[in-house]
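You will see two complexes here that share chain A, one where it goes with chain B and one where it goes with chain C.
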Partner chain A sequence: MEHIDPSLIDWSRTQFALTALYHWIFVPLTLGLTFIVAIMESIYVKTGNPWWKKTTKFWMGLLAINFAIGLATGIIMEFEFGTNWSNYSWIVGDIFGAPLAIEGLMAFFMESTFFAIMFFGWDKVSKKTHLLSTWLVAIGSNLSALWILIANGWMQHPVGMTFNPDTARNEMTDFWAIVFNPNAYTKFLHTISSGYVLASLFVIAISSWYLLKKRDIQFAKRSIIVASSFGLIVSLFTLTTGDDSARQVALNQPMKLAAMEGLYDGKSNAEIVTFGILNPSKTLKDTQEPFLFKVAIPGGLSLLSYHNFDAYVPGIKQIVYGDKEHKIMSTKEKIAQGKLAVKALTDYKKAKKAGDKKSAKKAKDVFETHSQYLGYGYLKSPEDIVPNVPITFYAFHTMVGFGTWFILLFILILYTSMTNELHNKRWLLLAGIWSLPMGYIAQEAGWITAEVGRQPWAIQDMLPVGMATSSISSGSVMFTFWMFALLFTGLLIAEVKIMTTQIKIGPKEESHV
Partner chain B sequence: MEAYSDAIIWYATWPVLIYICYRFVLLNLKHHAKMERFEMLEERFGKEIPHQDCENF
Partner chain C sequence: MIKTIYQFYHDGFSNMKLGKKLWLLIAIKLFILFAVIKYFFFPNILEEKFDNDTQRSNYILEQLTLQGEDNGTH
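Up next, the complex of A and B:
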């Protein structure tokens, strides 16, 4: 790691963060809006009411704009694994490549093929075939997300593989362990359901705008009922999967959990902070209070993490410096073991090259004894394993806070829609509109929590980000960073402009129905 | 595969979730159509309105 330019690591990380955050502006809307459109079209086919065809076609138009731009940003991300993260791709490509390939071959082609029928085939195929295509687009886009999230889940909790010292690569040993990795399914369900929440907010916000403008009232009312009904169920599901996801974090990434909660000192009956302001001068080694102000529920963190009020939750200090009482090994010790593994690996390669079988076997035995901590061998100091606590803490609490508000919003909007009073409640319509940007912020905050919280690891406890980059100049990464920043900003402006134009035009009457 | 039963059950909740959402949407649309019909009839004929299902919302 000493040989790698730190600015290269920083620029590579910044570029990937930029691409991922931009990509995630478009993806969750596609994941959810495809299902909302499929439900609307199902109602059209069930009832034969032309209102529903008009409604479906309007939302489908907005979906198409979003889908096209989401695709462009996603493709760039896959290329970045080769250009900026070639060491990562070399070390874990045998495992990480499989889900990505399945995503491309199965889900992406399914999604794209049926998208063409869905969008252009209204008068070319039967009603039922068209409906089937719409459902297959929804299922396909979500299956794409499944394989990507299986890959991401594996990075958070690597399973089903073994390290081959001859090739210095990780190789897959159990495909099903990767597919059924607890981090994969909790991440998949939490991510897609949060995408459904965003899509519901999107439909509610635009429909609320129509109601405030007193135009397309019947269209807006019906769209809001679909979106708020869908949104209420999926937001409750998001809450459940979020809880399960947090439990996986507690088990497999305790440092991330400690950073999410600003927990410096571990404790039994650990409280959960519902709202707090971190002390900006707090450092790992001092004894200052980590919070300037906080509202907390006693025992909440222990309960949520381990289903036990009295369970011990390790803090950042215990994970870094160790805690004999709770059998937590210090990071210093892990680094020492990791360095032995790195040295043994080098010795093994040298001995093998020299044809010295005895020394090679000895080095391999030493490596296997310490290989569990190989990744730690590339860290400089124990404190390196602490992620950015303020970013992780605030991102996590923003996501949870906004998510809770969305549940309340869906209840209020659905209730007033059912009593046919929503169109008279200006404040609630305005809340519906303003909740859309909050939805996007919550989406991005979720990913920031997941990815910033697991730093410095590209793959948890195995590969630090500094070891994952390509051997290229930081200048070229910096150049492409600004290029992508301009390109993505242009695409985002284009999307917003095209969408607002379509929204202002509104749903079009069906001349032939 | 037994070791993965938790994962299989969780994955299986996805289609169930979508189906529940679909049924919930239909239920609410049906109720809304009924409400609108009541309101319309109330405006036209007063308070006493016979019950009717509204299938075609």
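Up next, the complex of A and C:
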């Protein structure tokens, strides 16, 4: 038996978090900026105004920089699957194989053909062919993200599969159930639309800087009108997809929802906290107030989670200790069921090895009865299912708070652009610039909410992270963690340096790429 | 047709300005990722330890059952 060192689990998780968070610096900008350049080029093709061609080419140049530097940063996570998370990759192999293969093929064909036409094809193919390629790059990049998010959505809410005790793998039984997993498509829509918001903030921030510097004014104004119109539409869409996503969390991951809201005691007509400071000394077993200060809307959480002001929302305590009145099974009971599943799996393995078909069948039946709680069989205590509440709560509220500000910002910027007052509003231009780092923080906070909030699960209810790791030395993971920290920081510095150089040069007639 | 496609890519790459620097960056990055990081630091543990899928399955089953045993399942 190989014992897993707890520090190995922590280092493996930290390394994965580092690579995922750095990777996500580059991806959302690509997802959104492709659409913004496609819109700008559409205006060029429709109006024939060369100013729009120049505008499109400038933003396309910045897109190229972001794309080139971000390219393949996600592949590191696949390396980590094979080395640090080999148990996990084996167990999910059949489920992840198809979506990731489709993603890889799509990315390859799209990048080698339409990207090439988009960057090399100006004046070589017709305007309409070029425009079509630009739109296909935008659509293709986003579809590429679809398959990754389907895989992620499956981990949050595993459907369309069955665990095979002979191979120790989850095998796909229904491809379409995985593709149309409500958790996956709400996550996909929320994630890509938030990428569009970030790209809009990016265009606004750079254009605001030009306006503050009183240079390239027409270009900046034109870009801001496109970005703020697009940003306003997509930020409202992000709000609705966020609402759908939270409803899925309420249905499938109630512990995550409770952590997002700092809800220790479940209640009907549950309030939603719009702003709050958590009580740092609060523990699960005491009766202290969870908040030092809060501003809350009565019934808001019940309404958003279940579309009913009076709906009951379980708290952390009810999920851990159970609540008979509301038919919530305690985690202690789930652990007992999980242990029965693990024992049945052991008995099945032994009976199969001994060639005892009758006992093997009996053990398999017992396993199938309890297999939905398999993951709980590896937990040491019921309290293990509580994620880090402060991180989940603050990350969620940062994302929502910043997201709300972005809607207001897009309205203000669009309005003052339409009335031709924006260039005189220094405070608003500064707000436009400062909202860009806020956009990046909101992006990362969204992922922190999604991933920290689902701990301790690598696959919800099926596989805790402690069981998903490989039996390797924590020292090697620590070493590669620092190696990646250096590599990614270098890439980020390169991105910022090359971007700022191009921004300082400004829009020119010729493409920078 | 093939000549036209070749010419398209050739002209595209030849006329690049910043793109040359970006391609160099991509090449260095891919080299570091695949020839150094993947090769030296990120072996596929199950591929390396075992010869076939049956052995891999058995190993994972052992992990799933013995770690449960260690956790007081039996």
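As a convention for this text, the second predicted complex is superposed on the first by the 503 of 513 C-alpha atoms of A that agree within 3 Å, B and C clash if a C-alpha of one lies under 4 Å from a C-alpha of the other, contacts with A are read in each partner's own complex, and residues count from 1 in each chain.
Quick note on the criterion: a contact is a pair of C-beta atoms (placed from the backbone, for glycine too) under 8 Å apart; a residue touches a chain by one contact, two chains touch by 3 or more.
All values reported here derive from a predicted model rather than from experimental measurement.
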Chain B versus chain C as contact partner of A:Val342, first or second or both or neither: second
Which of chain B and chain C A:Phe35 touches, first, second, both or neither: first
Between chain B and chain C, more extensive residue contact with chain A: C
Partner chain in contact with A:Val226 - chain B first, chain C second, else both or neither: first
Touched partner set for A:Ser417, first chain B, second chain C, both or neither: first
Which of chain B and chain C A:Ala101 touches, first, second, both or neither: neither
Chain B versus chain C as contact partner of A:Phe180, first or second or both or neither: first
Chain B versus chain C as contact partner of A:Met483, first or second or both or neither: second
Chain A partner contacts - residues on chain C that touch it in the complex: 8-9, 11-13, 15-19, 21-23, 25-26, 29-30, 32-33, 37-38, 41-47, 53, 56-57, 60-74
Chain A residues touching chain C - in the complex, by the definition given at the top: 1-4, 61, 64-65, 68-69, 71-72, 75-76, 79-80, 82-83, 86-87, 89-91, 116, 119-121, 124, 165-169, 339, 342-343, 345-346, 349, 377-380, 467, 470-472, 476, 479-480, 483, 487, 491, 494, 498, 502, 511-513
Chain A to chain B touching residues, read off their complex: 35, 39, 42-43, 47-49, 142, 176, 179-182, 184-186, 188-189, 192-193, 196, 221-222, 225-226, 229-230, 232-234, 237, 244, 414, 417-420
Complex interface listing, chain B residues touching chain A: 1, 3-4, 6-8, 10-11, 13-14, 17-18, 20-22, 24-29, 31-32, 35-36, 39, 55-57
